[in-house]
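Structure provided below as structure tokens; questions to follow.
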Amino acid sequence: MSLHDLRPLFERLARAFEEKRDELIALDGKVGDSDLGITMAKGFAAARDAVSALGAASPAAQAKHAGAAIAKAAPSTMGTLMGTGFLRGSKAIETAESVGTAELAAFFAAFRDGIAQRGRAKLGDKTVLDVLDPIAAALEAEAARGTAPEPALAHAVEAARDGLEKTRDLVAQHGKAAAFQEKSRGLPDAGGTAALILAEAFHAAFAEAG
Amino acid sequence: MSLHDLRPLFERLARAFEEKRDELIALDGKVGDSDLGITMAKGFAAARDAVSALGAASPAAQAKHAGAAIAKAAPSTMGTLMGTGFLRGSKAIETAESVGTAELAAFFAAFRDGIAQRGRAKLGDKTVLDVLDPIAAALEAEAARGTAPEPALAHAVEAARDGLEKTRDLVAQHGKAAAFQEKSRGLPDAGGTAALILAEAFHAAFAEAG
Amino acid sequence: MKKFLNRPEDFVDEMLEGIYRAHPQVTKTADDLRCYVTAHPRPGKVGIVTGGGSGHLPLFLGYVGENMLDGAAVGGVFQSPSSDQILEVTKYVEQGAGVLYIYGNYTGDIMNFDMAGELAEMEDIAVRTVIGNDDVASSIVGEEHKRRGVAGIFFLYKAAGAAAAQMMPLDEVARIAEKARANTRTMGVALSPCIVPEVGKPGFEIGADEMEIGMGIHGEPGISRSKLAPADAVVDQMLDRIFAEESFGAGDAVAVLVNGLGATPLEELYILFRRVSQRFEEAGAAVRNVWLGEFATSMEMAGASISVLRLDAELEPLIAASADTPFFKHVAR
Amino acid sequence: MKKFLNRPEDFVDEMLEGIYRAHPQVTKTADDLRCYVTAHPRPGKVGIVTGGGSGHLPLFLGYVGENMLDGAAVGGVFQSPSSDQILEVTKYVEQGAGVLYIYGNYTGDIMNFDMAGELAEMEDIAVRTVIGNDDVASSIVGEEHKRRGVAGIFFLYKAAGAAAAQMMPLDEVARIAEKARANTRTMGVALSPCIVPEVGKPGFEIGADEMEIGMGIHGEPGISRSKLAPADAVVDQMLDRIFAEESFGAGDAVAVLVNGLGATPLEELYILFRRVSQRFEEAGAAVRNVWLGEFATSMEMAGASISVLRLDAELEPLIAASADTPFFKHVAR
């Protein structure tokens, strides 16, 4: 059940981040500057609009336009990182006609690596990476096993939830939260929460596609 | 008994200020920076040397070279003012072959006026002017009466001593002493003391000339 | 906080408004005050773009002008500009020969310039990057890639700007900038902190008789805090550190920049330079170009930095070339 | 006292040593560090000499160079140079066309320049004098001759320097300087004091949230001390005072100098200029030339001044001409 047209995915992402707007604002507000809900909602709305304006195009082209739109609309840390993720992911599936589990695995591996390179954070630094890495790992394992996209993404969501839960025990090393040090312990990472929302939306889009 | 060659006068001035060096230092030190004895001794030594190096010359030329030498050797307030005095005095006797009471009167009037113009002090401001003015006035009166130079200068010295005594009651308005305000009351003005020494040396030089 | 400002949150944009009103040679693009570009881009020339946080005038935008840079993306005080702003500046200065990014080694800036470069490449603009990292106090030898970029970036601008003005191709201009980077070393010393307008109070303290050698231009910790020493001794401490990495002797030639961090009077910079000059004289090396003044500041921070660029036959004429920006002028002689 | 210096009594001479080491375009005469002159006097040109106390860099010596001044006699911190030093500088810059003195309205300076002029005339050097007195805060209308000379003297240097470079005769150059003088007005505001090195502590205090409008560059009392107002309001207070003496309307053209007193960051000067520009815009007058930066400082004093020169057809091209000194460069466009 691979997807060729990603427009429904971006519709769903925009809706999801709009719904979680206040939740992300509150979370980022505890050890940050409260902008995450706003920037994510803005960024994914812009991505949806860019992809829909693009019309029929390859999955890679759609992801690329989405990434550029997010970076432009949301010039915050997470906006830049999410934009980077989509741009790098797009390159990893450049020649793909449609997106199946193998492409999802390649996409999220490049997504994670791009963000790691751009942000220079390490695993365990309490960032979005600590949620993206389990997502990418789960998809890679499922792709190797030949699992279909929907159940593969279901596993990825579980892995993301797990990863996010584990960020509670960590102390932030980057961005505005780093200034709060020990105060950040006990809270899930805000960027990681955004990554979980991302994975959930992917899953829902592929589930809907059947 | 007019003087044509002023070299003996400048010899005497240099000697007088050398002798009064420490006295002037002490006086300037009470409400100033203690440099007056040093600068006057330096300035008039330089004047003596300049005039002696000049050789035979008109009284005006001798006074002019003396003034320039003082200004150069002693770049303090009183050095500049004394230099100005001699330069202006020199102009006032430009055509004179020798210096009698009329020339002395013209010289000291220009001396006083030059210093008044340069320093912008008024009478009563507790400066050298408060001693120079009685000197110039006395000489003017004596010249009008036709008195000979020696007794005329003797009166001028008396007037200077009087003027200096009166500066004790004044409060300094200019230069470093001004900062001491009331503390300057009771003391004779240091610059005025130098003017008295000047008048005394003039008197002695003309007395010696006979 | 004793500053001339209206609302702290308008500090950067009102400053920019003042700059545009004062200097018609520069303008904004993308209808964004913070996308600062030359009003006279030169067709066929490699465009050079810089950017970074505000609060460092004349850094960064001050070097946009003839024979130097073509655009600067302007961030908030001590904050990176956005990748989008960098991209807009990039698109404006692209004149068919590609674009070189030169900026300082700070995470936020790297993230946003990299992102902008990636977006620009997608629009078929060739982009190269050289990252200034001249602050020897900020990492040991062998870890130079971690060093902060401070005032020495001026030499990168000067050399690359002159190269681009000679219509060299992108890779050549990048090579020149890279050579200037590799040969530039800076040591700084801070005497007092500065105040970010929206914060309203100093972010750190330095004792009344203390100095901090090696402190960063945002107040990053230095390598030693001690009693303020006489000027000659301060210079010696700074230069010893530079000379330990790069030795200079007979036949060597350098350019020197003595930079005030903000509040330190020019008089004192010349007292510092006097000793710098003596040291190179003693070493037998020639100081060919000297600049003194404020080239990279931290608003009202008191302190200074000394940057040294080792010259060779290629860099020397580029460093000595004329330049004319609203904030920096040099007349070749 | 947080200053980069060695012995306080060497402050001025070590600063000068640094300057001579940095800038071969200038040199000393009479074997006296404090007799500062151009290394390239131009035969037949009127020489322009300035001078005054140290602690105001780039004032006074900073304007010695091409198209500006020929020499400066350098005093101790906030002290006049001696008449002898002024005379030596005068003799050096005399190139057969006479010498113009331009300096600020302070008793010590007047006494020594007058004296030097008198001595120079005795050596058959024609001397003219124009005394800068632009500080409108220092005396009321009708008593302009009592006003202090502050940053606005820059306009006198610029106009007279360009006139001399055009080989105008002495009386013409003096007339131009006098015209610039009569048309220049300055208002200053101070936020913090400065420290004379040999004294070691501030000579006066300004409260933590106070400003003093009209304070002199040596800390002379101003016309009002009040709570620090927003930047726009500060500019309005200053310009209202200038506009009360000189009205500017449609068809009028001015040059503007926004000068930092020492510690105030350039960012803030641009915020001030933004409002200055708005005010002239509202009045319908054209701001033809703008300079911002440090032109006349009081070491580390925080504060700023605004100088306005009314232009006419004669002054405008002189003000706009190129100039090149170690401390000030302007490229005509």
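Think of it as A, B, C and D in the order they're written, each chain with its own count starting at 1.
By our rule, contacts are C-beta pairs under 8 Å (C-beta built on N, C-alpha and C of every residue); 3 or more make two chains touch, one makes a residue touch a chain.
Source: prediction; values computed, not measured.
Connectivity note: excluding subunit C, the chains that remain group by touching as A | B, D. The centroid of the Cα atoms in subunit B and the matching centroid in subunit D are 36 Å apart. A straight line joining the Cα centres of subunit A and subunit B is 93 Å long. Spacing of subunit B relative to subunit C, judged by their CA centroids, is 61 angstrom. Residues of subunit A found to touch two or more other chains are absent.
Pairwise chain contacts in this structure: A-C, B-D, C-D. For subunit B in complex with subunit D, the touching residues are 64, 68, 71-73, 75, 77, 80-81, 83-84, 87, 118-120, 174. Chain contact summary for the complex, subunit C toward subunit A: residues 82-85, 87, 107-108, 110-112, 114-115, 118-119, 122.
Of all residues in subunit D, those touching subunit C in their complex are 2-6, 11, 14-19, 21-23, 25, 54-55, 57-58, 191-192, 208-209, 211, 228, 230-232, 234, 262-274, 277, 290, 292, 294, 297, 299-300, 302, 304, 324, 327, 329-331, 333.
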